[in-house]
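Below: one structure in structure tokens.
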Amino acid sequence: MHDQPLLDKLRSRLAHQLDPVLYSGKGMSPLNIAIAVVILAGILLAIIQTEPSIRQGRESWFRATELTLGSLFLLEYLARLWTCIENDSVKSRVQHFFSFFALADLLAILVAFSLYLGNGGVILRLVLLIRVVRLARLGRFSTALECIAEAVRSRTYELLVSAIFGVIILLFAATCLYLVEGDIQPEAFGSIPRATWWAVATLTTVGYGDVYPITVLGRILAGITAVTGICMIAVPTGILASAFSDAIKEAKEKHRRLPKVLDKEL
Amino acid sequence: MHDQPLLDKLRSRLAHQLDPVLYSGKGMSPLNIAIAVVILAGILLAIIQTEPSIRQGRESWFRATELTLGSLFLLEYLARLWTCIENDSVKSRVQHFFSFFALADLLAILVAFSLYLGNGGVILRLVLLIRVVRLARLGRFSTALECIAEAVRSRTYELLVSAIFGVIILLFAATCLYLVEGDIQPEAFGSIPRATWWAVATLTTVGYGDVYPITVLGRILAGITAVTGICMIAVPTGILASAFSDAIKEAKEKHRRLPKVLDKEL
Amino acid sequence: MHDQPLLDKLRSRLAHQLDPVLYSGKGMSPLNIAIAVVILAGILLAIIQTEPSIRQGRESWFRATELTLGSLFLLEYLARLWTCIENDSVKSRVQHFFSFFALADLLAILVAFSLYLGNGGVILRLVLLIRVVRLARLGRFSTALECIAEAVRSRTYELLVSAIFGVIILLFAATCLYLVEGDIQPEAFGSIPRATWWAVATLTTVGYGDVYPITVLGRILAGITAVTGICMIAVPTGILASAFSDAIKEAKEKHRRLPKVLDKEL
Amino acid sequence: MHDQPLLDKLRSRLAHQLDPVLYSGKGMSPLNIAIAVVILAGILLAIIQTEPSIRQGRESWFRATELTLGSLFLLEYLARLWTCIENDSVKSRVQHFFSFFALADLLAILVAFSLYLGNGGVILRLVLLIRVVRLARLGRFSTALECIAEAVRSRTYELLVSAIFGVIILLFAATCLYLVEGDIQPEAFGSIPRATWWAVATLTTVGYGDVYPITVLGRILAGITAVTGICMIAVPTGILASAFSDAIKEAKEKHRRLPKVLDKEL
């Protein structure tokens, strides 16, 4: 039955619409755009229905929408499983089935159908976001994503070293304030793990204001910590700034050398 | 009557004062500077009179000032409508009438005269700010604005990709804290949309302090979110830093090649 | 009497110690270092004695120290007035008297002697800081300061444009929240000037937490404002990063071309 | 006895495992990795046991673990003292004994054994972190660390100048708010040192929210301070961004010129 030329033609057409690699046009194919919209709507729905004031009285409506979305995802999943062999890089349907994204798709369908899962289903639904990224990946953002990834990758060591210094400073600041204010504010600084909460809020300059030193020495140390925090933010920013500068320069140079290939891609 | 040479001369002179393109001098023309001052005074007035303690007892004074400003804007509007045909790029008065800035001018006049509009008039008055930007645009800031615009435009993809990652991280952080603290602090983390308010305040390092986690796991997740927020700030900063570096380098190179044209402009 | 060779020799020696331009050694002269230490001690003293818990019971001690410092500054002032004519760039003692720094010195002496000025004297005392900067200026930090000043100066237009955009966004955010939350929280958002306080705290990511929106729409707008604030911070950071890169590159190139002059300076 | 070839061979082998300079492999030696893990476990233990809710009822367990760790550190210390002479740069055991890191090791052992030291032992335990950095230093992060250190060192003057400006602005902002709100909020702004606490929190954009101005003038000054704070953060970020760009460029150039030496190191 699979040898029928009509079905083969249909499968080939569908594969070119579903698989971003096979799609010859620019950006995403119309079908993939529609799927992305459905996925985004599903994520929005999943987020909104956690709010009790919105869910109340609309449970059946949310349930029906979930079922509809689940059916659409199931259809798409089966279509991908059917057409995947058109892509030469996929050797068999079994290989496709065990690929990361196929399993993520399967998970998304299970989530959509598990209406009675309650809150636990929410985090699983975030898996859907990965699918959107996958769809977008080979489309319009590929060069931009590669630049950012390249910039971060080329400076992994520098960023890691500054992260290690960050942890050392964090623990040092927390220990200082634990020693200075541990007896005065036992609830906030009574142990190093507790003081670390304050140290994180200060070093990242978030400053919730739920915990802050009240003694003179504690405030001096907090001031030094806050200033150190700014320097700690400046270091990775500076590293990434120079990394981006290099990554984009290289991307441009490549573009100049291979204008035809990249023109098509961009 | 329009063919009289005296009126033509007057119109030409007025056009050269009103239209920044026709103005031969450096920066803004004296008339446009005066108009800009009036516009800024009008905006300041609009802002100040929303404060009840200032408005009280001075309602008639504010009303009179509004009327005066409205009359001045009407005069300017009519003058622009009369002189617009001097600019070769404007084909007819009708075309000028439907241009974005002419409609903004008309709106500003309507706002000034609608004394009884109340608060609703305030946001309309911000339209006036667009006019100031327009006046300044072709004057002294043109090169600087072009550099900034060029820098942002040339990295649109990279900024968009980092924005998408930002949204994903935002929703992920909100979902995590909704799952961890949703039952303990239902008012603050009882749903993902509610937890998103906390996530925005943390990722942007604003940290109002009205909402913050109180459990150990919640605080660990909040700490990771705050650190991620800093990295998320570092990425666009790094992208823009390299973009500015390129934009200004190019502007300088252009300057070297075409020194006469730009010297006049600068 | 001034023609006596002994006095002339003394004046010349003193001038070489007091005037950073005439001083032939590296950095600051020993006398200027001593003066800088006295100035810094004076500033520290001025700051500390504003604290009631420290001042109480030590009024006479603080008064005596102030008088001593005042006498030292008077001596220095007279010494500078006497020796200033040794510097060729100073034409006469009268010209020196009316120079910015000489007037600042005179002010500092008046402050030190005005023991009963109370709090008003504090801000005047900050004038002393300018003197320290002046002393340091021609010494060790000259190249670094020039690099920073050059970087800021070369991008004045870009920074000004981003500042103007900042003000527009600030007023826009304040107006939005005034319209949305003005009726619900009249104390915090009851007028645009009041809402501006919130907008400043949010756009700069300070986030005191004394004022924050409580409605859904207000929080969405606040989130957008916070994200915009980060972008607004990224723009000047990016501009300055590329400016520093250029300024330091130029300083190095100059160094290569004129190695002898700068080696002495560095 | 030391001349026995078996002992010599053992000592040589142990030295190559303990001393990162002698270790011929890439990264850290297996023994040093094990030691690093034990050190990290010891630090984690020291931090956790400050929390009363965790320590309670587990005192004997913590004490036993401390003793075990102390014994391991003592063993390592003696092993290092025995093998140190294998490294040609170490002239004698006495010299090694008085080196910074050997004394830090000795301190760490004393800390581990001083079970009854109480809280005071915590800060001493942070000395252990230095050891981890030392172990890691000559291993994988050496190039990255050198880049960061080189970037900071090459801009020491610029960073110092911006720090001095930062202190001047800090004191200026504190003085302004002391004068404006000192009488209204004596607890928060009653003296310059007290107002400095607010100024630090605002300039670093931490914004705890425990102290904030309530008058109109105070809020205007606070807004200016917050904006100045952002500029103050942008300056060192910009300096470091350009410094990293240069440091990494130079590291790459060196790499090109001396490919063999660095390939081994990287």
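A few points about this structure:
Letters A, B, C and D mark the chains as written, and numbering starts fresh at 1 in each.
Quick note on the criterion: a contact is a pair of C-beta atoms (placed from the backbone, for glycine too) under 8 Å apart; a residue touches a chain by one contact, two chains touch by 3 or more.
Note that this is a predicted model, so its numbers are computed, not measured.
Taking chain C out of the picture, touching still joins the other chains into one piece.
Matching CA atoms, the turn from chain A to chain B amounts to 90°, rounded to the nearest 5.
Over half of the residue numbers at the interface between copies chain B and chain D are found on both sides, making the touching surfaces mostly the same.
Separating the centre of chain A from that of chain D, both taken as means of CA atoms, is a distance of 31 Å. Centres computed as Cα averages put chain B at a distance of 44 Å from chain D. Across the assembly, chain D contributes residues 193, 201, 205-209, 233, 237-238, 241-242, 245 that each touch 2 or more other chains. Taken as a contact graph, with one node per protein chain and an edge wherever two chains touch, the assembly is complete, since every chain touches every other chain.
In the complex of the two chains, the chain D residues touching chain C come out as 157-158, 160-162, 164, 168, 171-172, 175-176, 178-179, 182, 190-194, 201-202, 205-209, 212, 216, 219, 222-223, 226-227, 229-231, 233-235, 237-239, 241-242, 245-246.
For chain C in complex with chain D, the touching residues are 43, 47-48, 50-52, 54, 119, 122-123, 126, 129, 133, 136, 140-141, 143-145, 147-148, 151, 166, 193, 196-197, 200-201, 204-210, 233, 236-237, 240-245, 248.
Listed in rising order, the residues of chain A touching chain C in the complex are 205-209, 237-238, 241.
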